[in-house]
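Across the two complexes that follow, subunit A remains constant while its partner is subunit B and subsequently subunit C.
== the complex of A and B ==
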């Protein structure tokens, strides 16, 4: 990073079915909470970046940058960034660029999504906007369908059993019990995962992250110091359509973003203590661990099966926290910030991808305890 | 600007009804043209920023950053920026931040919109996403309705006659005759403007920019030099809803962005020779001229009535070129670049706003002739 960027404050709504709050209300709650946490005032914010994917479809509302800026008394410059479910990561990356360029000193990044008021079919169709409308959608694929294909191929290639796959969601549900912001705070025994209704062979309902409402906000600053800073911000791209890929069981964008992030931070992956990864579907968690190099190909599941020095989705992940898509990448930053503060450890990492990882963003956070 | 940012190349599709091209095809044509114009190769591009407002609604396609990146052999990092009709300006601003931060050396910015395949009612509703879905839309307002209110108030406050207002669209149509990329290249006598069908009192059809398909791309670089560079990139925000404004006849975001841009470039407005402004509706051109300080309040129309040293919308503007909303801000940069190259003059300016100027972006271009 050209400049030291501090995570000056953060705040979020709980994730879930927030039927009494619209996009504006959700953003307002998260922003108010972040400003309070930062100990600054709204007037310290000189730029606003909103992360949102679905506003036009769910709420007939574009232009959310200006709407968020309107929630601050001085209406600072604003824009919205989008990369499907990686919208949070690209919004953070944009904020870092604004800060490193000197165009901004203190940026509010707020991710928001309002999904649960929209009928399931319409939401499923809108989420397919993250895939290729010409190459993927006409075959009738949904996102569970795409990740069903990916899971089937992975289980075939690496001989992963359905029972072992159950571990991922079971661990995430267990982790969420102590997270007051999580949509689902109930433990689920592993065997129940594959007993839940089949969604897209071999994936069951409890392999899939839910439809959620929620907002999450962070205040990034080169001026207002804090013990947590950003050591790397990297994004990478891949083909939007899975039909253009050489493999279904590894995501090039995750690999590219991870290598670039480790290089930027001058770190080895062994330096990372806390990880929040993008488990939109259980199989995605396993593939992500492998693509980030925390496990060999085919071995990602082992990190869920045994005690590990690496803390993975201690928040509960997308599965149990909920997945208001464009808020997720911001929420991950909040979770890792809290984990670093609580553990006293030094490095944490977030991995946030969009579609079938056609976009992946990796952020590395550094904790410098106040001496 | 912290770094000198060159406009290394540019290209666009013609604007209009492009019924044989989808979003991908339109982007591809503009990108190919921009790379050819730049004299570089696709591999010189290290980051892609896409400007789009309506893809989710018109084409069920989000994630256009990755889609544009997929059109390049190496799939560079990408994101999409949005601020309604100011999407082009905020995408350019984002690209400048990426370049000034050192995160990128050569950025492709491509704006695209595919509007004409979508039924008129659905497009009108989607465009209302640029306004406030809770405060403006429930009253039945459309964007012509909003600008009809603005025009009515302006004509009352400043005693502007309907006949004088006709001049704006008439001049834009005349200017477009020589623009091969314009949607409408026919001169229209001034009196015909107010004889066209009434859309929203006092505005008639020929006061309104059309629904259009099209794409425009620019390649910005700190490395690949060219005679045209960016002297200022500024964005500003205002309330999304006009119900939250103190006045309907002046746009604070235009004023704020203009002052900041002149300060950034260390210029007076008299230094500007070529101007492309955001005439989504005829009245918007007049208000914009006043808010930018080129005319006193109430006197903007005079710049259309007499010969002036300032060239205004020589391209034909949004009215005659067409307005594929998120492509417009990029197209303006292309037009001003060409105008500066042709005239040999030094400074040009683009003004691109979204909604009722809840977002406004101002870019100042500098021409340094090769000696």
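== the complex of A and C ==
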């Protein structure tokens, strides 16, 4: 990083079905709590970056940059970033670029999604916008369908059994019990996962992250210091359509962003203590672990089966916390910041991807305890 | 999701390309298809087509337990949905091939020369059988058409009844009927003829046309065929057709009516080169016999030695 960028403050709404809150209310709650946490005033914020994917479809609302800025007394300059489920990471990356360039000194990044007002069929079609509308959608494919194809292929290539795959969601649900912001705070026994209704075989309902409302905000600053800073911010792209990929069982964008991030932070992956990864579907968690190099190809599941030094999705991940699409990338930053503060360890990493990892963003956070 | 007439038109352009056999890379059963699609489970596959491109498509099967990764699937045009404006939208779906098992083994190479009538296929094949005759042998075409001068070893003539028998007993690798205003002609290749040539350690060569080439490709597998397309000289389609017309008249084998038929077919052949690029390894313009022969025998021998 060309500048030292501090995570000055953060705040989020709880995720779930928030029927009494619209986009504006959700953003307001997250922003207020972030400013309070930062200990600064709203007037310290000189730019706002909003991440949101579906405002036009789910709320008939575009122009969310200005809407977020209007929640602050001085209406600072604002913009919106969209990269499907990776909107959060791309918004953070944009904020880092603004800070590194000196265009801004303190940036508010807020991710928001309001999904539960919309009927399930319409939201499924809208989410399919993250895939290729001319190559993938006409066959009747849905987003769970894309990951169903990926899961079927992965299980075929690596001989992963359905029972072993159950572990992923079971662990995430267990982790979320202690997270007050999570949508589902109940443990689910592993065998129940594959007994839940089938969605896109081999994936079942409990393999999929839910439809959620929620907002998450962080305040990044080069001026207002804090013990947690950003050591790397990288994004990478891949083909939007899975039909243009050489393989289904590995995501090039994750690999590229990971390498670039480790290089930027001058770290080895062994230095990472806390990890929040993008488990939009259970199979995605396994593939992400492999692409980030924490496990050999085909062996990602083993990190869920035994205790390891690396904490993975201690928050409960997308599965149990909920997945208000564009808020997720920001929420991961909040979770890793909290985990670092609590454990006193030094490095944490977030991986946030969009579509079938057509965009992947990786951020590495550094914790320098105040002595 | 909106499927407007314009976006449907753009999708239609890819339909031709999707009309190929393929192999199942992966598949899933979606229990809640998106808006606008029929309710209920929908089987969808990711399919690697014969030309190497990958597509997604609906799989036509009643039970997902019939499906297997690596299975061969066959394309089928079908009504995908009717949009709210009443526009009927078609898409290619894929059928699990029950009759044709996946051909795992590689039977051997075939050389195929495809081109419109009058492009010079016969001349080239005669020269080739003298230059690389020890490696390559011509596969006779089984046909129901009447015997003509110059047919000698090019055709094996049989009756329509005999042809129907061969077809019924699955003894033909591929067959087609070529419409003509004077008679109904059937053409085909016997699997036994081709296998006999392989048994001799030689490469079978077929001088063929588009339907037979497609049939051979699905019978033996696309990679078995070293496929050459022969184009008449000429910068435009019109010039190509006119040079064919001159050659057909010079040859003097056909009546003016037959020439007319042949030209009609030739036009379709030229379009075929464009539409089914994936069926050809090399497209060669037949402007000078020596260079064509050199080019062809070079490429064939390259494959023999490799």
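What we mean here is this: the second predicted complex is superposed on the first by the 371 of 371 C-alpha atoms of A that agree within 3 Å, B and C clash if a C-alpha of one lies under 4 Å from a C-alpha of the other, contacts with A are read in each partner's own complex, and residues count from 1 in each chain.
We adopt the following convention: contacts are C-beta pairs under 8 Å (C-beta built on N, C-alpha and C of every residue); 3 or more make two chains touch, one makes a residue touch a chain.
As the structure is a prediction and not an experimental result, all values here were calculated from the model.
Just subunit B (first), just subunit C (second), both, or neither: which does A:125 touch?
both
When the two structures are overlaid on chain A, which partner does A:244 contact: first (subunit B), second (subunit C), both, or neither?
both
Tell me which partner A:40 touches in the superposition: subunit B (first), subunit C (second), both or neither.
neither
Pick one for A:150: touches subunit B only (first), subunit C only (second), both, or neither.
second
Answer with first, second, both or neither: which of subunit B and subunit C does A:198 touch in the superposed model?
In the superposition, A:198 touches subunit C alone.
In the superposed arrangement, which partner chain does A:142 touch: subunit B (first), subunit C (second), both, or neither?
After superposition on chain A, A:142 lies in contact with subunit C alone.
Any idea whether subunit B or subunit C touches more of subunit A?
B
Which of the two partners, first being subunit B and second being subunit C, lies in contact with A:134: first, second, both, or neither?
both
Check subunit A for residues that touch subunit B in one structure and subunit C in the other, and list them.
125, 128, 133-134, 137, 244.
Which residues of subunit A touch subunit C once you look at their complex with the stated criterion?
Contact set of subunit A toward subunit C: 120-122, 124-125, 128, 133-142, 144-145, 148-153, 156, 197-203, 242-245, 248.
Under the stated contact criterion, what part of subunit C meets subunit A in this complex?
1, 3, 7, 10-11, 14, 25-37, 42, 44-46, 53-58, 64, 69, 80, 91
Could you please specify the touching residues of subunit B with respect to subunit A in the complex?
Contacts found on subunit B: 2, 22, 24, 48, 53-57, 59-63, 65-67, 69-70, 75-84, 90, 93-94, 96-103, 125-126, 128-134, 137, 234-241, 244, 252-253, 354-355, 358-359.
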